[in-house]
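By written order: A, B, C, D, E and F. Residues from 1 in each chain.
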Amino acid sequence: MPIVKIEMLPGRGQEAKQKVATEITNVLAREFEVDAAHIYVMFSEVAGGDWAVAGRFLGDPSTKPAKVTS
Amino acid sequence: MPIVKIEMLPGRGQEAKQKVATEITNVLAREFEVDAAHIYVMFSEVAGGDWAVAGRFLGDPSTKPAKVTS
Amino acid sequence: MPIVKIEMLPGRGQEAKQKVATEITNVLAREFEVDAAHIYVMFSEVAGGDWAVAGRFLGDPSTKPAKVTS
Amino acid sequence: MPIVKIEMLPGRGQEAKQKVATEITNVLAREFEVDAAHIYVMFSEVAGGDWAVAGRFLGDPSTKPAKVTS
Amino acid sequence: MPIVKIEMLPGRGQEAKQKVATEITNVLAREFEVDAAHIYVMFSEVAGGDWAVAGRFLGDPSTKPAKVTS
Amino acid sequence: MPIVKIEMLPGRGQEAKQKVATEITNVLAREFEVDAAHIYVMFSEVAGGDWAVAGRFLGDPSTKPAKVTS
């Protein structure tokens, strides 16, 4: 009964999501020996203004982050 | 301090969500013996175009998924 | 296809979890008009030493938290 | 490689999120001794109409919740 | 920067997880055009006694669930 | 009512977690203008054998990952 969640930046099209869902479903069914009917693949978009790496937001190049000390 | 999250397809009304939140709050308070004041119930909509089961997206009947091999 | 996740402190028995799972399944099937076969209810224990409210961990009364300023 | 997720009501500005991301990145880098480059901080807004505490939704003062029995 | 989380029943070996992680990394890098270095794949086991489908826990065939009414 | 979840590799002590929880609670209370009493900080350990970056598991240097093609 695997549940797969994919968090990513916005902008991917339905065709790319379909390919990803299909390949993930196939590899899980094969390697974990589960019925594909029970495999969920869920996509979740996270805006660049809500996702910071090393204290810098991914989606806003004009942001001037406060000093990260390490 | 239970936190309950419910992921579901879009389209449910506030009245239905209220009934669900109330019943979940009541059963958790009773069975887990916690103060209802500390029970969170959170709803999260997942679009059909972001949710695939067996490699097929739930919200788009016209999608032709690539072959799922198992 | 609702997915319900419940995060809680450890220590609840299987009987209480069964009652909770049954009531949640029933209320979701009824209010959201989904087939119960597609309703997942998942429990996840979070230890008191991993869960802080207002800066104090729930599971360790001897913890002396640093001063919370607001 | 810590991943930090913050669920909150809507309405916070980018400046406040930047300060929060910076401070969280700094404290994790210092206390957990990880490279800041590997620290993700992600914000997720939950609408008041999707978030119930003690069976009452946070965002809708006009909601009349069904009776919470405990 | 995709983050992939896979919730599943316990019991899968490291070799199967490696194959799954590799294929997911590859398909995401290719279809979403992201650097594989930024792709996280995380596995999380959920015990059968914590995972109910249609009100029945997956890991305990002796469980007699209360009546699910729909 | 912010909920903060931190996923990290195992091995951090309670003292470090306390400092992190305190600083996160303080910055959220100050920047988001919420009562600290309503701020949850939750830690979740993810084993290195369950966390792959670029197709390589973090916790097992002996693992020989299959070829990542990009």
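Here, a residue touches a chain if its C-beta (ideal position, glycine included) is under 8 Å from a C-beta of that chain, and two chains touch if they have at least 3 such contacts.
Predicted, not measured: the structure shown is a model, and the values here were computed from it.
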item: Chains touching both subunit C and subunit D; value: A, B, E, F
item: Between the pairs A-C and B-D, the one where more C-beta pairs touch; value: B-D
item: Rounded Å distance, subunit D centre to subunit F centre (Cα mean); value: 14
item: Whole-Å gap separating subunit C and subunit E, where each centre is the average of the chain's CA atoms; value: 19
item: Sites on subunit A at which at least two other chains make contact; value: 1, 3, 7, 19, 40, 51, 53
item: Contacting residues of subunit D [partner subunit B, same complex]; value: 7, 46, 49-55, 57, 60, 63, 65-70
item: Complex contact set, residues of subunit E against subunit A; value: 1-9, 12, 16, 19-20, 23-24, 27-28, 31-32, 34, 51, 53, 58
item: In the complex, subunit C residues that touch subunit A; value: 1, 3, 40
item: Residue ranges of subunit B in contact with subunit D within the complex; value: 14, 17-19, 21-22, 25-26, 29-30, 35-45
